[in-house]
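Okay, so chain A shows up in both of these, paired with chain B first and chain C after.
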Partner chain A sequence: MAFLLSFAALIPLDNLGHYIQWHIIEISVANLIVMILMVVTFIVALVAPFPGRSRRKENR
Partner chain B sequence: MSTSEIDRQWTTRLRRRVEGKLPPEKLLPDTQPTYVSSWIYVFGIATLSSLGVVIGTGCILALRGPQWWHGSAYGHFINSMHLWSVEIFFFAMVVHLWGKFAMAAWRGGRALTWMTGVVTFLVSIGAGFTGYVSQSNFDSQWISTQAKDGINATGAGAYFNVLNLGQMLMWHIVLLPLGAIVLTGMHVLMVRIKGVVPPFEEGAEVAE
Partner chain C sequence: MSKKAFRPDVDAPKWKGGYSPYDIIKEGTIALVVILVLTVIFAVVFGSPDEKAITVRTWSNADPIDFATTALSELNGTSTSAAYGAPYNNVPGTGQAMGPLKLEQWVGVRIPINAAQDFVISPLKSLPDQPILDQNLKTWSTASTTTQNSWLSSYGKAATKMKVAKGQIVVNTTSAGPLPIMINDLTQMARSGALDQALVTGHGFYTTDYTKPLLFLADSGYLANLASNQHLTGDQWGMMNETGSYPGQAWLWLYTFWYQIAPFNTSASGDALVFATMGVLSLVLLFVPFIPGLRSIPRKLKIYRLIWREHYQDNK
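Take a look at the complex of A and B:
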């Protein structure tokens, strides 16, 4: 169980959240990071080569 | 019973319709078109897989109860798995949505596939929200008291009272998961019937 707890200690969750404010927009840093990660994942999914794609094209 | 009587039976008509629209090789295909070999097509099944973990961990939480998930290390672990599989579920679903929106996945008679996906997304947001207000801790109290005025202003408060823990828990573990599972099943069946939408450059091959 100590092994699992060591994972929990990687990110301290007991502190107050951090927020970014810009005019009427207020967003937590955690949510902003998730949104940026989604955009990055989307772009990478479009451009990253898929394993075996060239082999499948040859067999077509 | 005559042949015409058998033909008129709803079971016969339904079976023939299902056999016509969804033969076994379409329901469980062994190959996919070449264009499916792209990472952007992975996020649909990633969403489905994480939904499986959400349902599985949710069933364990339902069996053991709040005292267990708040008070034991194993309970914390399963509770965290439930939370993080939901995070991955929404993450993958949003990337899946962006990908399908970009390739106009409603083309080729796939409007029902698109709409079942849209409604599943909305039902999942409701399931996520009721999960937050069902945690039975200070976080759920804070979220429900912050949400009550907005929800009540819509007129939905009679059937969706966020301060009623029992009602929110029932929405979370019965009604909304039922809706999400049925809609997801319909969505997957529609994908199997119509096939995976091809990219634009192969638009000429869009099949009904």
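Take a look at the complex of A and C:
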């Protein structure tokens, strides 16, 4: 049993979630965090320079 | 030979500049390793949803009165399963449709369910060595429909004050015929776990058809309450939620969005309407390259110039 418990999550999220309600829109905080992370990742992907940019310039 | 006019929406100018090497295998491998590492880290830190399975046994032990009243609704034909229509049973006026397209009626009764017989009578008949119950089941089956309805009505009225005493379902009525014994015995059967097994349909070596226990559970108030507490019901955007505090299927937001507004959330054919709406929208997405105006949006938004800004700066 102790062996199995060693595989338990460090921060289990089994407790009831938190939800944000605005008019007809209802969203869980967990989903909102994931959505914000996705948008942030998208913006970073747009504005972050491509890796190897300086090397390519040197090769020209 | 006439030269075709250049169409900015459809045609691409021929590239006349130089080319840079691009190692897609290297980038793909890096992405795979990063995702793998992140997955392992998140699995170790947060784990994954691990809700215990809900059975008829857990339901009837947690809320025996809800179980008994649901069993009564199966007998008197007022449960969702009993009055659902296709594909479970023939109930006039039921079945989702899209205008003249009677989708569920076309499918017909593919999984026959007789709620009274399948959820109550047959499981009770499967109990061995129960002479009193057998006598009561015989009384029920040999009674006329009028008499059965009279018993159901009497039991239903008394069931509003139903209680559990020493583990037994107690309903204060003397005019419900064999029903008090039948409902109580079914509740005891459920609480022992025997009903779970009796409801599973097995035609072969493996018994994997859980249609009946799932339908019975779905008729209960118990399951609806559990789902509501976890924000999993249709009117709670449940399709995109997960149990506990875990993130769910956020990408299903558009599907579940329709269920929050009229006419989808008021129509008896809400599922069919959402199905049709999402079908049309999916076709629009599929044919974006062929829809004038819509296909020009990326060209006019010019986000590609932000992504490839290095190239556009060099080629000013």
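Before moving on, here are some points about what is shown:
Convention: the second predicted complex is superposed on the first by the 47 of 60 C-alpha atoms of A that agree within 3 Å, B and C clash if a C-alpha of one lies under 4 Å from a C-alpha of the other, contacts with A are read in each partner's own complex, and residues count from 1 in each chain.
As a working rule, contacts are C-beta pairs under 8 Å (C-beta built on N, C-alpha and C of every residue); 3 or more make two chains touch, one makes a residue touch a chain.
Since the model is a prediction, treat every value here as computed from it, not as a measurement.
In the superposed model, C is the one of chain B and chain C that contacts more residues of chain A.
When both complexes are overlaid on chain A, the residue A:Phe50 reaches chain B and chain C alike. Of the two partner chains placed around the shared chain by superposition, neither chain B nor chain C is touched by A:Ile20. In the superposition on chain A, contact is made by A:Ala30 with chain C only, not with chain B.
In the superposition on chain A, A:Pro12 makes contact with chain C only, not with chain B. In the superposition on chain A, A:Val40 contacts neither chain B nor chain C. Annotation: chain A residues 8, 34, 46, 50, 53, 56 touch chain B in one complex and chain C in the other. For chain C in complex with chain A, the residues that touch the partner chain are 20, 43-50, 229-231, 236-237, 240-248, 250, 260-261, 303, 306-307, 310. For chain B in complex with chain A, the touching residues are 34, 37-40, 42-43, 73-74, 77, 80, 87, 91, 94-95, 98-99. Across the interface of their complex, chain C is touched by residues 8-19, 24-31, 33-35, 46-47, 49-50, 53, 56 of chain A.
If you check the complex, the residues on chain A that touch chain B are 1, 4-5, 8, 34, 37-38, 41-42, 44-46, 48, 50, 52-53, 56-57, 60.
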